[in-house]
Amino acid sequence: MVICKVIGHLWATKKEESLNGLKLMVVEQVDHKEKSVNKIFVAVDIVSAGIGEKVIVVTGSTARKALGKENVVIDAAIVGIIDSIEVK
Amino acid sequence: MVICKVIGHLWATKKEESLNGLKLMVVEQVDHKEKSVNKIFVAVDIVSAGIGEKVIVVTGSTARKALGKENVVIDAAIVGIIDSIEVK
Amino acid sequence: MVICKVIGHLWATKKEESLNGLKLMVVEQVDHKEKSVNKIFVAVDIVSAGIGEKVIVVTGSTARKALGKENVVIDAAIVGIIDSIEVK
Amino acid sequence: MVICKVIGHLWATKKEESLNGLKLMVVEQVDHKEKSVNKIFVAVDIVSAGIGEKVIVVTGSTARKALGKENVVIDAAIVGIIDSIEVK
Amino acid sequence: MVICKVIGHLWATKKEESLNGLKLMVVEQVDHKEKSVNKIFVAVDIVSAGIGEKVIVVTGSTARKALGKENVVIDAAIVGIIDSIEVK
């Protein structure tokens, strides 16, 4: 899983039907110090994350598991809102 | 999912048979400001996207789900046409 | 599999329910000389690894196998604690 | 899928048995202008591609689908020979 | 598949049980000219490769197929020893 910061919303009217009703967020991957690693992508939010929050994002086939639907057409999902990171 | 710009078409007469009839597009991955991240690849279009449009692209095993056929030989698909991106 | 160094912990109260009870660690990918390759991510620990230890991390669909649950929402897992690396 | 140029052949006598009889090609990933992106890898050819040809390559679990055998040990396959690319 | 050079061994006493008995090798990804691409990772050897040999490595879900066990916790495997590469 990667650490990301939620930076925005994305809208698409014309889309594959399994995406209907899903909340699409623009996320920016960061390191443990919140420094951007210059990767911007789109993830489906299932934990009601807000703009600016640090979140846990899963990618690949695991993202489909997050929706509990094997045939949903997504490859990235926000699965947790990070409270704190403690790095020594 | 990544944000891409559709930049062209690609033709291949000699191909694996599950690719017959699919629309192959050349896409360029971009960030939320439409800046290229220097990744060019090929994706199957299932939402009738046009050249120049910003689209949502899924990759990996999820792309096959987009066609509803587990045995189609693709690993990237255009699954949505982006109306707008709002980043704060 | 990649070689990583465990550098910290991560907490998330609000998360997808299959993540409940799992130990989330922040790991830094390194090469065989323990030099960082500048990739920081989150992995579920199943071998009781400690901070500072070098570990083997699996990613992708394989991470789910490490928990023996096909529907757990993870894409990275610590599956071994490295005793030694011998490179000639 | 990525655009590659076929640059060579590769031989391996000692190999996992599902690879027997497969044609292993060395490919170089390129962009739409045939410029190398400095990624060289090995792909199984199923469309009788020749050295110097531009091809479509699939990777990951999709490559196994290209051979119609779920247990073949490959993660990249040449699935089409590119006739032309039109980029505006 | 990628071309790698076997550069060492790795030992881990404490590990997920499906890894018991497997030979873990440290590999360095190279191009067709044996030039390093600065990617070091760990792969399970199933073809009795030796240090210094050039090998074919598969990654992702395909690596599990190489062991013929869907539940083994690996994501990279050495599946062939390269005799020769001919690039024009």
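The chains carry the letters A, B, C, D and E, assigned in the order they are written, with residues numbered from 1 in each.
Here, a residue touches a chain if its C-beta (ideal position, glycine included) is under 8 Å from a C-beta of that chain, and two chains touch if they have at least 3 such contacts.
Since we're looking at a predicted model, the values are computed, not measured.
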Chain-contact steps, minimal, separating chain E from chain C: 1
Chain A and chain B: spacing of chain centres that average the CA atoms, whole Å: 19
Whole-Å gap separating chain B and chain E, where each centre is the average of the chain's CA atoms: 31
Sites on chain B at which at least two other chains make contact: 60-61
Starting from chain A, with chain C taken as the next chain, the full ring order: A, C, E, D, B
Residue ranges of chain C touching chain A (in the complex, touch as defined): 7-16, 18-19, 24, 26, 38, 40-43, 51-52, 60-61, 63-64, 70-76
Chain B to chain A touching residues, read off their complex: 1-3, 31-32, 37, 46-48, 56, 58-62, 65-66, 68, 77, 79-88
